[in-house]
Amino acid sequence: MDLLYDIFADPFVQMAGMPDFFVQVLWEGFVTGTLYALIALGFVLIFKASGVFNFAQGIMVVFAALTLVGLYQAGVPALLALVLSLGVMGTLAVSVERLVLRHLVNQPDIILFMATIGLSYFLIGFGEFIFGGETKSMITSELGLPTGSSVVDFAGGIVIFQHIDIAAVVIAGILVTSLALFFSKSRIGRALRAVADDHQAALSVGISLNQIWVIVWFAAGIVALATGIMWGARSDVSFALQIVALKALPVLILGGFTSVPGAIVGGLIIGFGEKIFEVYWGGLLGGGVEGWFAYVIALIFLLFRPQGLFGEKIIERI
Amino acid sequence: MSSDQSTQTADGRTIGGPIMEVKDISLKFGGVTAIKNISFDINEGEIRAIIGPNGAGKTSMLNVINGFYHPQEGQIVFRGEARTAMRPYVAASQGISRTFQNVALFEGMSTLDNIMAGRTLKMKKNFFWQMLRFGPAEVEEFEHRKVVEEIIDFLEIQAIRKTPVGRLPYGLQKRVELGRALAAEPSLLLLDEPMAGMNVEEKEDMSRFILDVNDQFGTTIALIEHDMGVVMDIADRVVVLDYGQKIADGLPAEVQANQDVIDAYLGVAH
Amino acid sequence: MFKKVTTGAVALAIVSTLQIAPVSAQETLYVPLLTYRTGPFAGGGIPIANGSADYYAMLNERDGGIGGLKIVTEECETSYNSQKGVECYEATKGNGALVYNPYSTGITLQLIPKAPVDEIPVLSMGYGLSAVAVGEKFPWTFNYPASYWDQMSSIISFIDTQDGGIKGKKVGFIYLDVGYGKEPIPLLESLSESMGFEVVKFPVAGKEMQTQSSHWLNVRKENPDWMIMWGWGAMNPTAIKEAAKIKYPMDHFIGNWWSGADVDLKPAGEAGKGYRSANMAASGTHFQALQDVIKYVVEPGNSQADPDTVGSVLYNRGLYNSVVVAEAIRTAQEIAGHANITGAEMRAGLEALDLTAERLAELGLADFTAPIKATCENHGSGGSIFMQQWDGSKWVRTSDLIAPMTDLVRAELEAAADQYVSDKPNWKTQSCN
Amino acid sequence: MIYRETGQFKTNYKADNSIFPILQDRIAIIFYLFVAFIVIPAFGSDFFINSMMIPFLIFALAAIGLNILTGFTGQISLGTGAFMGVGAYSCYKLVTIFPDTNVIFLIVISGFFSAAIGMVFGLPSLRIKGFYLVVTTLAAQFFLEWCFIRIEWLYNYNTSGAIEVPRREVFNVIVTGPEAAAVTQYLVVLSIVVAMTWIASNLIHGRIGRSWMMIRDMDIAAELMGVRPLYAKLSAFAVSSFYAGVAGAMMVFMWLGAAEVESFDVNHSFLILFMVIIGGLGSIKGSFLGAAFIWMLPVVLRAFPKALGLDVPVATVEHVNFMIIGGLIIFFLIIEPNGLARIWALLKQKLRVWPFPY
């Protein structure tokens, strides 16, 4: 009976009893969810245009952030370092296309997927080789990002908003909007969608698949850099973050592999869900449930809706 | 079964009563109707052809018969047992075997293994014996190997026994696929365009194999084919589909003379 | 072509195996250093490894080694991973290793049962299994200057002196959820009963080190009066930042000595002001021994360390570790009567170690740390814990030595040691009379 | 001219169906076994046996397990590390609950626990494929890791959270615990690995193995041939996890001596997957080659600069090691997706016509 109360009643009593705290939990969930969504967005960009399930997206996030901080520590001014990091991500996109994808064009998806696992190992080694293995702090204020916090009185308590979190949400919003515009308005964007729908058709109207790959990987690199800055500002930069980046996988399951709105909604569901579950129910299980909650939710979800929230149902043909 | 209805054909084969009856089958994908209200039957021992233009619903019909698609309406009676939906492996265990329009061999396996795969349902030895491999499991393996070797001889593919099927030319792959379907010793064999993409010589070989199978093993065969010449030569009866509906059913000669069929093939506007 | 590459690789593999195979170093003192310069804990591992290696290098340069024999060190990368740690142990033990400093509680736990079999002592300085301080039960293992339990008891007695005592207070314990972080829990729980305070635990899984926002939301929900942290690596700066985010009073947040390095607080900077941590050795380069290290090793460019990090908390801790080992070697050489000692003789040296204040001054380390006096019964010494506080840019020592609750802790340690030995029928103990 | 199959005619199915139809291959196997059982125990140094051979064999067994699932049945899994953990923790519980039972027997029994857990997490594979399955196996990985920390009963409420291997004897020979001789442990591991490899090979060459490969190559056709996906996939998950479980139990009991949850983390899942990819998907021989390659490579890399007299910091070697492994994976996928096993076969092909070029 006590157990039933703890599971079904007590958490809600707590939520109602401390509404300011509940709002704080929601805000944390919202910010984390936004960041998950950003990582997932990188996956979706590449998957949509090339059918490659890029396992290395999470590593690219850390790699981009590490490059930025590493350059700054080497004496490059912050904003120049930012530009150079973009250049590095561009170079990475070109190299990945030249050295990896080009040679694996007609291989099964699964081979490409495994190649991206190889790529992530390579990037970890390469990043640490160049910039060293120690944890680095993000150069938040040097980049002109806000660092303070605002305390808002709410329902007899307080809610604390970190300015960097607000910035993260705003930047994520801008990024998503501009990507959406890019895809719907620009010539390249339309070409990308053509590729997503039908490789052959895209080729026949004169779009080079290789260019498209470079562009999407570069776009994913930009998203990775933005995500890396935000994650880094929250929790410092090191490859230990890669485990967090894996959380983008359940986000994708929820949202579907090809849907940008899916990535955002999925990210937010996981973000809200795991914070609320950890804070109000985690204690019953001894805590630390955040590590698997997202995956288990995705697993249960898969059993009922394998194509994701926004994915199309696939009819198998023989 | 239903032997009272059996008849003799000109070439001396025995054709029995209906082994399968398809009754009022309708199949929809979302809003699209693939098959609408189709009924026909297949008699034991006959070669039954299903023809029709592209998109007529022929392959969907085969998929319904062996349980891969579940129709929204209608039922199928196989050997007197009626059912509406079942899993493909249940169909297989009841003796329905098939080949595919686009060859669906197990590409990573050799010809021998592919045909052995057709024997899956006949092999009974449990996990324990499989694990040890000597004793009963080995004896069983050899018994089935013998049957498979007979099929290999029958189809004249001895030379490619150990070749991975992915490396075989298309015509041979089709032949291996037929072998795999035969290995299950089916009572109803479904062939989905067995001669698609073949040259004349290969088609002749394949026609010969199909007739031999029917003749020697008495296997009932339902086949989809585009080549009207072949169909007219080997089929006992023909059913014609167009836009998911049945437009004709009967002996090859009758069907050939049917005006609806001629229209459908010549593309007269509906 | 490929065949050649393969053959080459195989040949190389064989050659390299032979190389690693025992080449007993006869006339040197061989000290393998299990380090981690990579992986999630590299931030702490690097300065420790540098401090440790640089002191031996300095002894070789300045004094020509110890007792006339050069110290040969060999680094083996563990990435703070037990499996790699054991591999390093296996790879180096045959070379005449004198002592192991695993620098990971996980690896220490693996090595504890191996030490008596291979007769190579393990010195887990301020980490590892607390119970090894009971020398009768663990002849081959040492953890001075203090065990985790000593340290926890000192932190609790420090809290007891603040704000009118600990009784009736709520103490939060945030820890890395591995062997290391769980180590002090039994003592914390028994103290909470005997001293009447409440404990709330916040485990942080290894892979969540850098995402602690939920944990600190929970801290805010529970609102403890004090927070104690057993963190390491990337967990520390994240925890301090998150604490600042929820506006937890920093001077009520106390880390153990693995949660109080410069690298942990630099990211938070001003926001971390007031945060306290325990420590065992002073930071800074104003000691003669450190000046010698700079002169003989760092300036000639023979150190892997960034010169700025020399004298930082963890660099000095690594150096302190080497000081203890060097002194134990010297003691062992005196006992054995010859310079080229074995692992077993080293054990005797560690057990007879008497690092007095005078000796520290001779070493150029006056007031660097508290004296260590090991005995047969006590392999943990039990002292040398003081508090330091972050002033926004550097650490400031703010307390004298805080003695652990030795009586209480010793009883608990003995119980734990008995427990450890109880299911090991052939465990080698020693009698100390 | 040495490696020839000409003139070796098979006159019955038994001979033709045997796993090594060519005489020279049979001789080679006997030679390998001779080296493994006689030469290495007699001449190998403790380090070689303890840090090279034992882990190599254990990882090879885990790789065979994953290969059954991924290479033969086509289901990608990133949960191998956790399934190894299930084996290790069950073995620890069994050994402490039944202290007098033969520990080797218990190691094998613990595989059944991991098989059961593997089947539970294999259930989603009936509805989902490919990348989606990767996520469910990751769910298994992270959920089980959490269990290994949070369910204290699993490690007998040990404060350190680690499982420590107690000393156990079999026929008065110490088999586990720190006092056990490396050679004894090696022989135990070797025997189990050889026996289980033989069983895996039997399964793969029989009906069950064929049904796995049918599911892998064309699941729809397989179902139409009468393979029940439920049985085929779940049996693959069960057998695969059984192998992983036994490997995990041996990893702790025969090699590490103690383990925390980090010994079963997702990095181990990756490590085993790399072994399978580099060795060759769908090849038992490849599992051995891949395990040898991935396990020995870092050792070689570490020794390499030293052999050349260069003083390279260990950290750099470690970073380069990551780069090389990552690069090699991509390299293999591009050049030879079938891995070392295929390269091995090509070498044999060359040997067959040697000394003539064609």
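General remarks:
Each chain gets a letter, A, B, C and D, in the order it is written, and its residues are counted from 1.
Rule of thumb we're sticking to: a residue touches a chain if its C-beta (ideal position, glycine included) is under 8 Å from a C-beta of that chain, and two chains touch if they have at least 3 such contacts.
Because the structure is a prediction, the values reported are computed rather than measured.
Farthest from chain B, judged by the mean position of CA atoms in each chain, is C. When the interfaces A-D and B-D are ranked by how many C-beta pairs touch across them, A-D comes first. With centres defined as mean CA coordinates, chain B is found 49 Å away from chain A.
Chain B and chain C, compared by their mean Cα positions, are separated by 73 Å. One finds 33 Å separating the Cα centroids of chain A and chain D. Centre to centre, using the average C-alpha position, chain B and chain D are separated by 41 Å.
Multi-chain contact residues of chain B, defined as those touching 2 or more other chains: 68, 100, 104. Residue positions of chain D touching 2 or more other chains: 145-146, 149, 220-221, 315, 319.
Multi-chain contact residues, meaning those touching two or more other chains, occur in chain C at positions 37-38, 42, 46, 177, 203, 205, 207. Residue ranges on chain A touching chain C, taken from their complex, read 14, 18, 21, 24-25, 28, 32, 128, 132-135, 137, 149, 151, 160, 162, 234-236, 238-241, 243-244, 274-275, 278-279, 282-283, 286-288, 290-291. Listed in rising order, the residues of chain B touching chain D in the complex are 66, 68, 87-89, 91-93, 97-98, 100, 104-109, 113, 116-118, 120-121, 123, 125, 127, 130-133, 137-138, 141-142, 145-146, 180, 184.
Touching chain A in their complex are the following residues of chain C: 37-40, 42-43, 46, 177, 201-205, 207-214, 217-218, 220-221, 233-234, 237-238, 241, 245-247, 263, 266-267. Across the complex, chain C meets chain D through its residues 2-3, 6, 9, 12-13, 15-17, 19-22, 35, 37-38, 42, 46, 75-77, 79, 81-83, 86-87, 90-91, 94, 105-106, 109-110, 113-114, 116-117, 129, 177-179, 182-183, 185-186, 203, 205-207, 304, 416, 423-426.
Partner chain D is touched in their complex by these residues of chain A: 53, 99-100, 103-104, 107, 109-111, 113-115, 117-126, 128-129, 133, 243, 246, 249-250, 252-253, 257, 285-289, 291-292, 295-296, 298-299, 302-303, 306, 316, 318.
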